[in-house]
Amino acid sequence: MSGIEHFKEEREKLAELMMSKADTGMKRFLNLDTKVYEDGALPAKQKEMLGLVASLVLRCDDCINYHLVQCHRMGVTEAEIIEAMDVGLIVGGSITIPHIRRAIRAWQELEAER
Amino acid sequence: MSGIEHFKEEREKLAELMMSKADTGMKRFLNLDTKVYEDGALPAKQKEMLGLVASLVLRCDDCINYHLVQCHRMGVTEAEIIEAMDVGLIVGGSITIPHIRRAIRAWQELEAER
Amino acid sequence: MSGIEHFKEEREKLAELMMSKADTGMKRFLNLDTKVYEDGALPAKQKEMLGLVASLVLRCDDCINYHLVQCHRMGVTEAEIIEAMDVGLIVGGSITIPHIRRAIRAWQELEAER
Amino acid sequence: MSGIEHFKEEREKLAELMMSKADTGMKRFLNLDTKVYEDGALPAKQKEMLGLVASLVLRCDDCINYHLVQCHRMGVTEAEIIEAMDVGLIVGGSITIPHIRRAIRAWQELEAER
Amino acid sequence: MSGIEHFKEEREKLAELMMSKADTGMKRFLNLDTKVYEDGALPAKQKEMLGLVASLVLRCDDCINYHLVQCHRMGVTEAEIIEAMDVGLIVGGSITIPHIRRAIRAWQELEAER
Amino acid sequence: MSGIEHFKEEREKLAELMMSKADTGMKRFLNLDTKVYEDGALPAKQKEMLGLVASLVLRCDDCINYHLVQCHRMGVTEAEIIEAMDVGLIVGGSITIPHIRRAIRAWQELEAER
């Protein structure tokens, strides 16, 4: 099983557990977290890239993986992903490099899945 | 062995190693780090929850686990833990979600240990 | 006009502007941000202290000021505030000191207002 | 003079000073920092929005202002800016709110300049 | 009065206020914060530069100013300061640039004081 | 295989993958990231320690490991490493402790390799 498949499986299991324990406040947050990425003045695809770069500069691998999966599903190209990560790299600095390395591997796995 | 048990074992081993290598400055910091959470104007239990939310918004799983163990030992209820994490979630944003998911699993393991 | 009074005035003005420009997603977030601090399994007072320490370790003066005002209104004592900030200081390190200095001044101003 | 005009003036003055003191390493970084936002697989406009959201979740007012100016110049609409900030708000949490408030004021000033 | 002189005056006043309100835990932290930078296996001068770069990547202007004053007092040269900031810039990314700009101005003021 | 050996192997593999996918902007950043640590007004050894402490306060284990390997290669002593980490610990707070623990173990493995 690839790393990104492992991530998806683990994420689903834990998201279910979280939902089973969440109170109203937490559920409303999770609901809002979904709505924010829907098509609007900006297309969903572009919002997922915003989420990706935000996750990269805040250096959260799980969040990066999640947005990579979404970007991949929405047809973002590899060249676009690399350029989005270039912005994250310049803004966030070399501290983001280990995350970019793992993101590129995850992207490769997503491409291989197709 | 559950994840939280693994954490406790690993933590003890590494804390010992750190202490064996620490100079005076480091030892004094570690000592102060213990004292700060003792009963005072605020009860220890409340301070552990402060430590938990601080660790959550700074997104350090080891620190979150440590404070969860302490909170559990001091009788914090699940509803209280969830509400404390609600504060961390709103302040720190969706980037804290993967940490909350893992924290809820750890809490479940702590409950199962009882 | 004291610093904390200036903060309250400026905050109100900008919060109004933000609300006038906010779309549904932003409004729902702001609404949730209020609800999270209400009495529940944890009393509102304790949640405000959680918000204070979260804001301190994330080093946001405006957020610190906001929670100080709330804590003051809810009868948190100076000794409790200092101990809550002790937790933030040990978790977040010396980088929080400039914020603690300003927070103590703001607290003094809040005490003087009474 | 509006806040955003003050920002632009101050920024120009300090950027000049920095350039006069910068060694080769610093100059190369600054140069790269410009190149990254140029049209490529992603249009410059979209990259500026990525820079905006990255700056928002990292909570740097100067960086936010800079990208707002660029976005404004490139024809990003207010609805698009609000939605981009919605993503930053959900990812980065309520700690970003003071920055969003100031960003909305800055945007208003940019609109007034037109 | 230059910016750095203003900083020194303000800092002294607030440090005094903080000390007057600090409990034992806070005082011990402040004491440790002084001791850590004393000559040891590493010379004080080198530790101040470590403190400077740590403050830069964590983006705290007050902390940067404090370490600049210390570095200046200990005879760090401008070329050394620039190279130390180059490390902070590459590690921390463009988000540190506004802080570097202000740090260079502060350094210039320190040089002018001599 | 020790943790640090595993890190080196994994890092090399992923660095290669990253280079194979990197566009010009990314390559220039990586190139600059190497140049910044070369001997200049400050010796390379001192710059590696700056990189180490920056990585510690930003809490990136991979970055910490990388700079530990470099420091070890350049003859930094254990006492110097501990004092550098003392600075990171006081600036960055207890949230850095889990990283320091792992860094001390990695250092021990590097010593054992000799």
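To keep things simple, chains are lettered A, B, C, D, E and F as they appear, and every chain counts its residues starting from 1.
The definition used in the following text is that a residue touches a chain if its C-beta (ideal position, glycine included) is under 8 Å from a C-beta of that chain, and two chains touch if they have at least 3 such contacts.
Bear in mind that the values here come from a model prediction, so they are computed numbers and not experimental data.
K.L.:
Under the document's definition of touching, what chains do chain A and chain F have as common neighbours?
P.N.:
For chain A paired with chain F, the chains in contact with each are B, C, D, E, in label order.
K.L.:
Starting from the Cα centroid of chain C, hunt down the chain whose centroid lies farthest away.
P.N.:
Taking each chain's C-alpha mean as its centre, the farthest from chain C is F.
K.L.:
Looking at D-E, B-C or B-E, which pair matches A-F on over half of its contact pairs by residue number?
P.N.:
D-E
K.L.:
Just grab the chain with the largest centre-to-centre distance to chain A, centres being mean Cα coordinates.
P.N.:
E
K.L.:
Would you kindly tell me how far, in whole Å, the mean C-alpha position of chain E lies from that of chain A?
P.N.:
The computed centroid separation for chain A versus chain E comes out at 36 Å.
K.L.:
Measure off the straight-line distance from the CA centroid of chain A to the CA centroid of chain C, and report it in whole Å.
P.N.:
Their C-alpha centroids are separated by 31 Å.
K.L.:
Need the CA-centroid distance for the pair chain B / chain F, whole Å please.
P.N.:
Result: the chain centres lie 26 Å from each other.
K.L.:
Hey, what residues on chain D touch two or more of the other chains?
P.N.:
Within chain D, the residues that touch at least two other chains are 23, 25, 29, 32-33, 36, 40, 54-55, 57-58, 63, 79, 82-83, 86, 89-92, 94-95.
K.L.:
Does the chain-touch network form a line, ring, star, complete graph or other?
P.N.:
Complete.
K.L.:
Mind listing the chain F positions that touch chain D in their complex?
P.N.:
Counting only chain F, the residues touching chain D are 23, 25, 28-29, 32, 35-36, 40.
K.L.:
Using the touch definition from the top, list the residues of chain A that touch chain D in their complex.
P.N.:
32-33, 36-37, 40-42, 46-47, 49-51, 53-58, 63, 77, 79-80, 82-84, 86-88, 90-92
K.L.:
Which residues of chain D touch chain B in their complex?
P.N.:
57, 89-96
K.L.:
Touching chain A in the complex: which residues of chain B?
P.N.:
59, 78-79, 82-83, 85-86, 89-90, 94-95, 97-98, 100-102, 104-105, 108
K.L.:
Can you list the residues on chain E that touch chain C in the complex?
P.N.:
Residue list for chain E touching chain C: 11, 14-15, 17-18, 21-23, 25-26, 29-30, 33, 54-55, 58, 60, 62-63.
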